[in-house]
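I have placed the structure first, in the form of structure tokens, so that the comments after it can refer back to it.
Chain nomenclature is as follows: A, B, C and D, assigned in order of appearance, with residue numbering initiated at 1 for each chain independently.
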Amino acid sequence: MARAGTTPARSKGTSKAPVRPSDALSREQKIELYYWMRLTRSLEERLVNLYRQTKVVGGLFRSLGQEADAVGSCFALEQRDVMSPLIRNLGAMLVKGATPVEVLKQYMAKGDSPTRGRELNIHFGDIGPAGSTRGFLGQISPLGDMVPVMTGVTLSFKMRGEDRVGLVYIGDGATSTGAFHEGINFAAVQKCPLVVIVENNGYAYSTPTHKQTAARQFVDKAIGYGIPGLQADGNDVLAVYDVTKQAVDHARAGHGVTLVELITYRRKGHAEHDNQSYVPPGEIERWAAENDPLDRYLVVLREQLGVTDEEISALHDRVQREIDDATDEAERSGPPVPLDALVGVYADPPAEQPLWFRRDADADAYGTERPEGWGTWNASETKP
Amino acid sequence: MSAASTVSAATGEITYLEAIREALFEEMARDPNVFCLGEDIGAFGGAFKVTEGLLARFGEQRVIDSPISEIALVGAAAGAAHMGMRPVVEMQFIDFLANAYDMLTNYVATARYRAFLPCPMVVRGPSGGYVRGGPFHSQNPEAGFLHTPGLKIVYPATAADAKGLMKAAIRDDDCVLFFEHKYLYRRVKDVMPDGDHVVPLGKARVAREGSDVSIVTYASTVWKSLEAAEQLAAEGISVEVLDLRTLAPMDDEAIFRTVKKTNRLLVVHEDTRTGGIAGEITARVSETCFEWLDAPVLRVTAADIPLPYAPPLEDYVLPQTSDIVRAVRRLAAY
Amino acid sequence: MSAASTVSAATGEITYLEAIREALFEEMARDPNVFCLGEDIGAFGGAFKVTEGLLARFGEQRVIDSPISEIALVGAAAGAAHMGMRPVVEMQFIDFLANAYDMLTNYVATARYRAFLPCPMVVRGPSGGYVRGGPFHSQNPEAGFLHTPGLKIVYPATAADAKGLMKAAIRDDDCVLFFEHKYLYRRVKDVMPDGDHVVPLGKARVAREGSDVSIVTYASTVWKSLEAAEQLAAEGISVEVLDLRTLAPMDDEAIFRTVKKTNRLLVVHEDTRTGGIAGEITARVSETCFEWLDAPVLRVTAADIPLPYAPPLEDYVLPQTSDIVRAVRRLAAY
Amino acid sequence: MARAGTTPARSKGTSKAPVRPSDALSREQKIELYYWMRLTRSLEERLVNLYRQTKVVGGLFRSLGQEADAVGSCFALEQRDVMSPLIRNLGAMLVKGATPVEVLKQYMAKGDSPTRGRELNIHFGDIGPAGSTRGFLGQISPLGDMVPVMTGVTLSFKMRGEDRVGLVYIGDGATSTGAFHEGINFAAVQKCPLVVIVENNGYAYSTPTHKQTAARQFVDKAIGYGIPGLQADGNDVLAVYDVTKQAVDHARAGHGVTLVELITYRRKGHAEHDNQSYVPPGEIERWAAENDPLDRYLVVLREQLGVTDEEISALHDRVQREIDDATDEAERSGPPVPLDALVGVYADPPAEQPLWFRRDADADAYGTERPEGWGTWNASETKP
């Protein structure tokens, strides 16, 4: 594998493997990559509609323009592998088996959502033994924390001799956290079968990369951890697949951690409420016009695989139908019941007791008691 | 300070959030050693826009956008504070104080005692729930710091206090953790007192006078307690509400005064129950006012649960006005 | 398990430290999913030699020397625990839990609730003072975690409990913070009960029966309380001493039982006063046993001071037997 | 300055500055370097004696064999600059103006020691305005924390336009902490006038470097922070001075942070109680025989500067005398008075009140109340 140094290669494989890993993908698989990107984008567009109808309870986070980085990288994993997504990796979660209806219910805080209304947006997962779980881990908000956790997940693979690999995403911004540093360093020392993907999308909330680090590029951090570093164009889904597949194979072969930098761009704000006032004029438009990952890949599909307009529009129809069905299903679900709040902080005791001032009251009443006695509620102000 | 806030032409009121911003403007204008640092506080004006306008007024040297590094933010503030600066650090959400727990409790809190180093700094940020923020954007982690000698803790309930306490916190010679309740940011307002409005740290405020039962509380639940007091007045129960404003140092005298007046105490906070600040208050009252107590000290708090996101769950876990009403009734009838 | 400890030929006793080591040996032998990780725990056997011999017996895969990375240690343990392992993490000193505060309180403590993920893990390490360790090697940070739903906390006082509770902690399906008092490591001994000695979490122990005044305490101050009880017996004051053993979940029933028996309660802990666990205990007792209390609940604790190093200072700040004696006398005379 | 990459230069200056900075040192200054190293070693030897006499209250930490790295690097600073030492930087503290009597009183927990008995060993400092303070900062035990703090100290220099530089030491082991990572990254982005010295002495307590990081060398971490990296033989005091002086000049010129790796060896255990059972046989002896920084420098002084045996033994005598005097003075001091424990947690209130159960008691009694009622006390077991 290419080793990061002062002049790292912009991916393109290595001399040992002149054939791109993606050359081994079938036509169907290559079309599938487009399907996942399209599904990601359309599902987020549906979420925008629901958000505007105030059916989404909290904030809404978009990955517009980054679909290739999430989808292409996760596509390099096997089902038994474990992937730890961040807020902009909806695409990776879908590839790994999360369903649109789960995502919709989660955003709408439904009682039968994957976290039963306890956690927000795409903070949910499904991990455990290979085979019986889909292999994606629910993230928490404090940035960087998933890196040490994935160090532990992959350490367990190593200890048990399981043929499984882990993949964890980290934003350009979150590379500044202590947790990232401690986690990747420990994993590197332990040669855990882990791929760490730095998604360099130019911004952390409003903070541009040059205020986040003085490094010329994130792949330069690999050498400081004594691991290989690879870099790719994050908006070229096949390049993303290639570079991740290399890193996954490296991990699976027992050679340890790789840091992969994917260069992409966050076209929407940090969350839906962010007006991106801090972005230089024209920047977003330029990326949209010249570097949209779906547009770019459509050209590849058409020109190199002879995919027809009919095939594409059938696929678009399928995506729309799936999302419509999922929306119908999600809307039919109700909110959680208040008393479910008490269940499962510990395995033992399995539930907390209601506090004394609740015991004699009708617990269900609390579901409707909105805390709006004072002041006014302005939804636009409270979706940070 | 017109840049800092949008005073309502009709009432002259500004919000809790604007009051904090005004305090930052005034203190930065007054003292060149005051500077701000945090994530996205500059061009963007902060996730909640508390620091909006500061960059334009005071420039990049004094309004520093940082990497996502809470340890570094707190540590760097301490180092600058040692050298005579007065840093004000924003946590994008106060929940992320947890990431700097070592730096705050081990380095900052002990600096004066072990090394005679001044550490005048403020660490501030949006706190608290009732906003559907889920488990990591709704916390009230004050109890985790009350335990550490060397830190001061402020948690205002009103807009006027938010301004006056922020100014006092910035001028204080020790580290002050300044909790800003995000539900109150834009929901409560006050006309700011004229002139250099400084509210001294460590002094509680009687938010409502009463004679039958005392409620000691702070931040969001001051308002819920006042609401409850209003309802209870209709039943003929007269409730006194004490707003602590500063949690460390705690205004023991004010607490004991109201307990000795009404002989019945309810402690209310939004934070979880076990290990929360209500326990400490109960212990102090028990030690000092045992003879005056006509009823057990009771607590209305959140349940011991990571705060869930869905409205029915969040509402169930957090204390509500009706809980306070019920608890006061019980005390009054004791 | 002869490798784990040096049983005194004469008495059959082993120390508190050896008892913990024995528990680790037995649990690792019993369950291949149990493994240890921490700084210098392998070849060196740990700063206090608690893990001595584990590497030789169980190998590098199950006894992992880590970089100096408390965040990574706790996070990696959580990840492995999700996958069915049962990690035991050593903090070289428990003070460094502060460095992993976010990972423990935000990630680990909430995992089961928010994501239905099992997180069976133990984080253990030497805690407490009376050893001239200075401000960063003497802490009792349990109160900073008691506040977090989702964590369990154990702090044994005797060698037998140290073993039995460690075995229970390793078998528990949630994260247990296991505080080991370093002053007790080599100073208290017990004959280990035969067989698979497991002490259930959440159950207090009556360390001495008495009828006039109850002391509720844990860890080092159990011994000081027993010493005080002995002295007070000579004065005709009969003291009951309750050793909590587990702080979360707390054994309310045992606490209420002793209070209802003696009607007088002193809470004693080595930790600092404000925000310490004594406050929580006082609140629970006040709520539940108000009618039974013939005197205020009092607290003997450390002063609110970062623990200083010099013997006269450390001795002054930490609670001593004479303090307990004085406080009990006051309660008895109330 | 040389930039770290795949083939970093083992220091030796740069092409721009072919003259070694140390060439500009006078003969007296070069002899002074030896004086500081000798003072460091002899003072620690005295502490070993006092420790064996149980006059040292806590643990004792040695820098045997590392004196050149501490002394040579700190010698590159001006008085107005601020230095943040670690446990093995006694030499740097002495260079910066800490006195042997302060160090002895501190280790013996005297009432008039720099921290009045509140902190242990060399955890004390003297910082503030240039001129009126000596410019070294008291460390705390949690590793890594001093890096962010020094980021703030040097940020204040930058903000105020002060011509001052900061220098912070970090052990090979402590580079694994989140605090190190966050601090150096923030300082790099802010171009703070800071020098970060990684003292690679082969071990962190018992942990060898290869279990601490997979990086080939610590200087490789520089590129990941976008800062220059320099490396030198830490047992060659002039090489250490040269490389640090370069980094200090770089910082003073406004160019920001440099990471300097000094390669040395910890010849004693982590602390005095550690028997170093984990060290491969012969390793310590080899370093002692072949690579002692004082021995090596004596050769330089004799051969290149013609320093005579008389000069050397006069210097040794001076060191001995200073240490004897300091010991006498330190031994004359008493312990702190118990009530001083209550003073100065906050500026306001200036002192805590005694707790109620102490108020009616004779406070002074607590100074003698040793908590040894149960069990036996074995000093050798309690000095970790």
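Simple rule for what comes next: a contact is a pair of C-beta atoms (placed from the backbone, for glycine too) under 8 Å apart; a residue touches a chain by one contact, two chains touch by 3 or more.
Predicted model, so just to flag it, every value in this text is computed and none were measured.
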Open item on the list: Looking only at C-beta pairs that count as contacts, which pair of chains has more of them, C-D or B-D?
Closed with: C-D
Task: Farthest chain (mean CA position) relative to chain D - done: A
Open item on the list: With centres defined as the mean C-alpha position, give me the chain C-chain D separation in Å.
Closed with: 35
Task: Separation of chain B from chain D, taking each centre as the mean of its C-alpha atoms, in whole Å - done: 40
- [ ] Return the distance between the CA-based centres of chain A and chain D, expressed in whole Å.
- [x] 44
TODO: Give, as an integer number of Å, the spacing between the C-alpha centres of chain C and chain B.
DONE: 32
Open item on the list: Can you pull out the residues of chain B that are in contact with at least two other chains?
Closed with: 66-67, 69-72, 95-96, 98-99, 102, 106, 110, 113-114, 135-136, 149-150, 304-306, 308
- [ ] Indicate the residues of chain A shared as contacts by at least two other chains.
- [x] 115, 118-119, 123, 140-142, 176-179, 182, 185-186, 189, 211-213, 345
Open item on the list: Applying the document's contact rule, which stretches of chain B touch chain C when the two form their complex?
Closed with: 95-96, 98-99, 101-102, 105-106, 109-110, 113-114, 135-136, 141, 143-144, 146-150, 248, 250, 271-272, 274-283, 286-288, 290, 293, 295-299, 304-306, 308
Open item on the list: For the complex, give me every residue of chain D touching chain A.
Closed with: 3, 5-6, 176-182, 185-186, 188-189, 191, 210-216, 220-227, 256
Task: Contact set on chain D toward chain C in their complex - done: 57-58, 109-111, 115-120, 123, 140-144, 173-174, 176-179, 204-207, 211-213, 277-278, 335-342, 345, 352, 354-355, 357-358, 360-361, 363, 365-371, 373-378, 381-382, 384
Task: Interface residues, chain B side, partner chain D - complex - done: 35, 61-62, 64, 66-67, 69-85, 87, 102-103, 106-107, 110, 112-118, 149-150, 152, 172-174, 249
Open item on the list: Under the definition above, what is the set of chain A residues touching chain C in their complex?
Closed with: 115, 118-119, 123-125, 127-129, 137-138, 140-142, 145, 147-157, 159, 178-179, 182-183, 185-186, 189-190, 344-349
